[in-house]
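What follows is a group of structures, each given as structure tokens.
First chain A sits with chain B, and in the next complex the same chain sits with chain C.
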Partner chain A sequence: MTTTTPVPAETTAEPVTAAQPPKRRLPARDRAVVITMILIPTLFVVVLVWVPAILSVVLSFGAWNGIGDVDQIQWVGTKNYADIVDIYPPFWPAIQHNLIWLVFLFLGPTLLGMFLAVVLDRNMRGSRFYQTAFYMPVVLSLALVGFIWQLFYSRDQGLINQVFGSEVDWYGDSSVNLWAVLVATAWRHTGYIMLIYLAGLKGVDASLREAAAVDGASERQTFFRIVFPVMRPINMIVLVIVVIESLRAFDLVWVVNRGTNGLELIGALVAQNVVGEAARYGFGSALAVIMMLISTVFIAIYLRIVFREERR
Partner chain B sequence: MNRPNVGAQPIPASVLGMAASRRNILRGGLVGGALLGSSSLLAACGGDDGGGGGDASGAVKFGMNEASGAGPAHERLVQVAEAYAKKAGVTVDRNEVDHNTFQENINTYLQGNPDDVFTWFAGFRMNQFAEQGLITDISDVWPIDGLDDSFKQASTASDGKQYFVPVGYYPWAVFYRKSVFEKRGYAPPTDLDELTTLMTKMQSDDITPFAFADKDGWPAMGTFDILNMRINGFDYHMSLMAGDEEWDSAEVKQVFDTWRGLLPYHQADPLGRTWQEAATSMGNEECGMYLLGTFVVDGIPDLEDDLDFFTFPELDSSIGATALDAPIDGFCLAASGSNQAGGKEMLKYLGTAEAADAANKGTTPLIAANSGADTSVYSDLQKKSAEVVQAAENIAQFLDRDTRSDFASTVIIPELQRFLEDPDDIDGVTQSIQQQKESIFI
Partner chain C sequence: MSTTLEAAPGRRRTQKPPERAEGGALNAPRGTIATVVMAVLALLWLFPLFWAVLNSFRSYAYTQANGYLSIGGWTLDNYRRVWENADLGKYFVNSLIITVPAVVLTLFLSSLVAFVLARFSYRFNLTLLAVFLAANLLPPQALLVPVYRMFREIPLPLFMSETGTLLGSYWGLIAINVAFQMGFCTFVLSNYMKTLPHEIYEQAQIDGASVWRQYWQLTMPLVRPALAALATLQVTWIYNEFFWATVLLGGQGDKFPITSALNNLRGQFFVDYNLLSAGSVLVALPVLIVFFVLQKQFVAGLTLGSTKG
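Moving on to the complex of A and B:
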């Protein structure tokens, strides 16, 4: 708290705000500091987030191959969006795959990771070892994960088909490759969630559990009735991570086949259209804008929950 | 092209193939993230002063689309750069970039602060840069001794001027193992009947006739190219590539229909397989033949001496089998390069037989463009490649070099994969390609 005292004249001038703490005026220097501290981050946000985002939206109404100045852009109205929806076959599968990705990440590895965290939290023998083992894949980049799983999935030379004598085209058959990739993602995602959740569990006050035990609650009851509600902030973080991870999913499918043939994801489609000579900046931007809109829905939901909580 | 040494390592070829392209992910992420205006910004920073300046005796910057570790392809470029530096007494600053990274950044690179001379491809891809003013007219370097009219043609853009110096090329053909053909009594076919007989015979011997892979998306373009050229002829193929024909025409459907008929003789499930893996399966006799570029040797280097090839047989006797894909590699002069005069001098040298000889010391399937080049050091495969290409009446570059690259990569790759997944939906595939083509070719 600062040492500034309320100016009486102001309080009387605004009787409506009497219930709130009286307004204070900061000295000029403090004010300058506050303004600078707000201005610099705002500037960064505007330049690095808002300007590119708005330019993306603008660009999505044009056709441009990135060569020459901006006056080379042909403005085509909403044609890019119409084309994406009507005649761009990878688009709808991509939306579907992103949603599958989200649901799967949540139901599979996220719940499994939480379960592993709860089990490992019980200080069983060798829990350090298991923690390390499960966490290991998180250290690897997704690109490397794709690379490692290729050793298992290769149709002709891969481990799975060699061991089971099967002939499944894990990465090539569009009806299975999404699931094959999801398993590879899960392998990494499980450890990630486990670690976050484990950290949260360690932070739960032991006396709560003791109290529950004294009251005769079973292990299961203790977790669901006591520990889980107490962990609410961690649960929110986990939820947000899952949503973010599934919206930005890109690297793994890009390594496997650049996001074609059953592995279409919005992120990969954006990259396909703007990387390299094949520069369709307008079309790619339109895809990026659609991705942004989808993210906005989730961001809005998240912010609503957070604000509601704060109000409470 | 990735060039792993498969035979020597226990790791599947597919994995090695991926290693080289791993850096793309980073690139992809970066470009995807900063897709806005980056190129125009860089263009603004780039030296506009590059116009006519530069002193022929100053250092020349040489942009290479191969980095060390890429094997023979990289060695060739280094050797030729060093040979020029020694001969002309100038410094050649090599800028070695991984192949895929180079490809993906080419637009930004050329508009930013590019090297003077850089590696590039003939055909549509050269032409598009010429039209956009990104590369310099080098018609004063032409004619070059030993490079005939067809090469001059391939180096000429739509304005009738030359923008390119070819250095080498390689044909796409049907490869096979001599020892296997000998042992089983097979003979290279020359028409559809002979081909069908051969394929049936192979199947009865429990060999899959054609190795096939399309995980990366581009290898199947080679099959489309050759079928289209055999069925509809070279001229139709080129005007289809240029966007002047309809993709849902009866002609194109005929190509897909023929392809569908041939698919049972191809390795199943191509979409999960890399060309390196397919090459390996020809190497271990699971498959009898493989339609690919001569770089197939890089997939099975131990078997180089056992490899031979024939051009894809004729399917229609009125069309014949006189056309093939033989992509030409070479060099261009970047318009924003700072040493234009020095760059031209270097290009003049790069086209000569002397430069071809300097490059051709490593083992590599590429053949020199210059007819004066010393062919005595050629391997049998190189010699035969040269003969086959010289005998061809028409040479196409390859689908992704003959048409708009945005169309090739964002439309053709996914649609061909869709066709391979469900070969019966020819109408759906051709119609979808046509719709997207109309949207892209404005």
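Moving on to the complex of A and C:
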């Protein structure tokens, strides 16, 4: 991932003042301090994130119920992957649900959040109030969002059924529960996206906008010629955030029914294979690796954008 | 975004020309439409929380008899029952035990890396940043098996963990939270530190200040605004963290932080929805207070990371 970004960021970060001092060697003590400052945090990340990531890949080629020691592992090659694709019933539904999740997040809350940001960025009475209303759900945990929406979705006590006289178990019925969960997610996701775009729109040059107005540009022209270009780098960041969020989605379906019966998601399947009674570590790892591979592509994109910005 | 580079952080806020209040006014008819649409949407957005608060103050007997669409049956009893029966106090303390050290440690460790990244230009800087940032974005589920198993193998003395292993202890949970959150904080802090004028370090060097002093006495006080913003954000995130707490403290329901505990308690104690509402409101309260009191910090923290500066 890192090979795509060969130029160190600092060289151009502050072109005038930052001509960093020529490489004077630090005194021995300072050098030891610098090494320690990097080493301890790096150790944390390497031991707790990167080593497990590699071990996930290794374990995915074995069969292990987790009870015995490591030498109990039988190496089975790519059998776990073959099994996942061929004979693991929840896998394809999970993939499908993750994809629906992704498309929905884009077409629903992401576009809405973008729209809200563009409107609220204007001089508008009560803009602060509206912003607060939209991003208040962002501070709540997704698990909590699941509970709060249960007050709408419950079959016997939920508001929706009481208002419409229906008898749908919105969280339980496998033909609708994915959509119920998605609406709850959207409630939280919209404000987050709005916030990101609002921050980005602060970068729109006001004088450009005024000049456009003086020249008689229409609102539409102003938006597409002046505002939208500013939003382009943010679009990419948002794209990556949305993809990664949809891939990671877990909390909501776990609190509803542990990711079963219409709510299968890859993240939940991994957990089911590890913390359940019948632990299948190799199998769970193979699922995890599939997740990791998909996310790696988007992490790489993200890092590229970030580092390109950095160099500017 | 590039404008922040030339100014010290202290002057940031004044940089924006004061006459530009957001993106310019809308003309009258558009303005009216926009206001109506926004007002309707905002009310829609506030409604779920409002509904939870409303029903948390109503007695179950009343809502059962008259349906939830009725008005009346006001009571504080749900809160009393939730607090006493479900022992919520204990879980709030657990959340505190996890959140405070995790946030402090995250900020401290990432400020160390951020300082080195911002202060020196080593060839490995970009790689290092990538190592941290990518770790932040990996799906936690992808690491579950090895982390779970590793934690089960690592023994801890009993006074540190009743289970005798890292699994089921706060130490493990705090460590994993720190490891996951460091990427974001390192990134934000190093960007912020890069906006500090380089001359202050040259001066410090002439004065013979050691690297540690440059970090602790010179840089850290100057990045306080960024630290405050990040702290606010991290407190909410770690308080809200659900996945690791649920799986790593799995067998130890007593040790759950409040967010995971609520899920556990649902079947046992929250038999009706008025109680569940009261429980939800109580769990939401700390983050909502943080949000309203430190709104500016919270927003600043989020936006610092998503777009630079």
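We take it that the second predicted complex is superposed on the first by the 242 of 312 C-alpha atoms of A that agree within 3 Å, B and C clash if a C-alpha of one lies under 4 Å from a C-alpha of the other, contacts with A are read in each partner's own complex, and residues count from 1 in each chain.
Everything that follows uses one rule, which is that contacts are C-beta pairs under 8 Å (C-beta built on N, C-alpha and C of every residue); 3 or more make two chains touch, one makes a residue touch a chain.
No experiment lies behind these values; they were computed from the predicted model shown.
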- Given the touch rule stated above, what does A:Asp83 touch, chain B (first), chain C (second), both, or neither? first
- Using the touch definition from the top, say if A:Trp101 reaches chain B (first), chain C (second), both or neither. neither
- Query: Does the superposition put A:Gln157 against chain B (first), chain C (second), both, or neither?
  - Reply: both
- Task: Kindly classify A:Ile40 by the partners it touches after superposition: chain B alone (first), chain C alone (second), both, or neither?
- Result: second
- Message: One more residue to check, A:Phe91. First (chain B), second (chain C), both or neither?
- Response: neither
- Query: Of the two partner chains, chain B (first) and chain C (second), which one does A:Val275 touch, if any: first, second, both, or neither?
  - Reply: both
- Of the partners chain B and chain C, which touch A:Asn65 in the superposed model: first, second, both, neither? first
- Partner, of chain C and chain B, that touches more residues belonging to chain A: C
- Message: Looking at A:Asn257 after the superposition, I want to know if it touches chain B, chain C, both of them or none. Which is it: first, second, both, neither?
- Response: first
- Message: On the A-aligned overlay, A:Leu303 touches which partner chain: chain B = first, chain C = second, or both, or neither?
- Response: second
- Where chain B and chain C land on the same part of chain A: residues 52, 55-56, 59, 66, 143-144, 147, 150-151, 154, 157, 250-251, 254-255, 267, 270-271, 274-275, 281, 284-285, 288
- Spell out the residues on chain B that touch chain A in their complex, using ranges where they run on. 11-15, 18-19, 21-22, 24-25, 27-29, 31-32, 34-37, 39-40, 43, 103-108, 111, 125, 128, 132, 134, 215-217, 268-273, 277, 280-281, 405-410, 413-415, 417-418, 421, 432, 435-436, 439-440, 442
- Sites on chain C touched by chain A in the complex: 1-2, 5-6, 16-17, 19-26, 30-31, 34-35, 37-39, 41-43, 45-46, 48-49, 51-52, 55, 63, 67-69, 109-110, 112-113, 115-116, 118, 120-123, 125-135, 137-150, 175-176, 178-180, 182-183, 186-187, 191, 194, 197-199, 202, 205, 210-212, 215, 236, 239-243, 246-247, 250, 259-260, 262-263, 266, 272-273, 276-277, 279-280, 283-284, 287-288, 290-291, 295, 298-299, 302-303, 306-308
- Query: Along chain A, where are the residues that touch chain B in the complex?
  - Reply: 52, 55-56, 59, 63, 65-70, 74, 79, 83, 86-90, 143-144, 146-147, 150-151, 153-158, 167, 169-174, 177, 250-251, 254-255, 257-258, 260-261, 267, 270-281, 283-285, 288
- Within the complex, which stretch of chain A touches chain C? 1-2, 5, 7-11, 13-14, 17-18, 20-21, 26, 29-30, 33-34, 37-38, 40-42, 44-53, 55-56, 59, 66, 116, 119-127, 129-130, 132-144, 147-152, 154, 157, 159, 162-163, 187, 190-192, 195-196, 198-204, 206, 209-210, 213, 219, 227, 233-234, 237, 241, 244, 247-248, 250-251, 254-255, 266-267, 270-271, 274-275, 281, 284-285, 288-289, 291-292, 295, 298-299, 302-303, 306-307, 309-310, 312
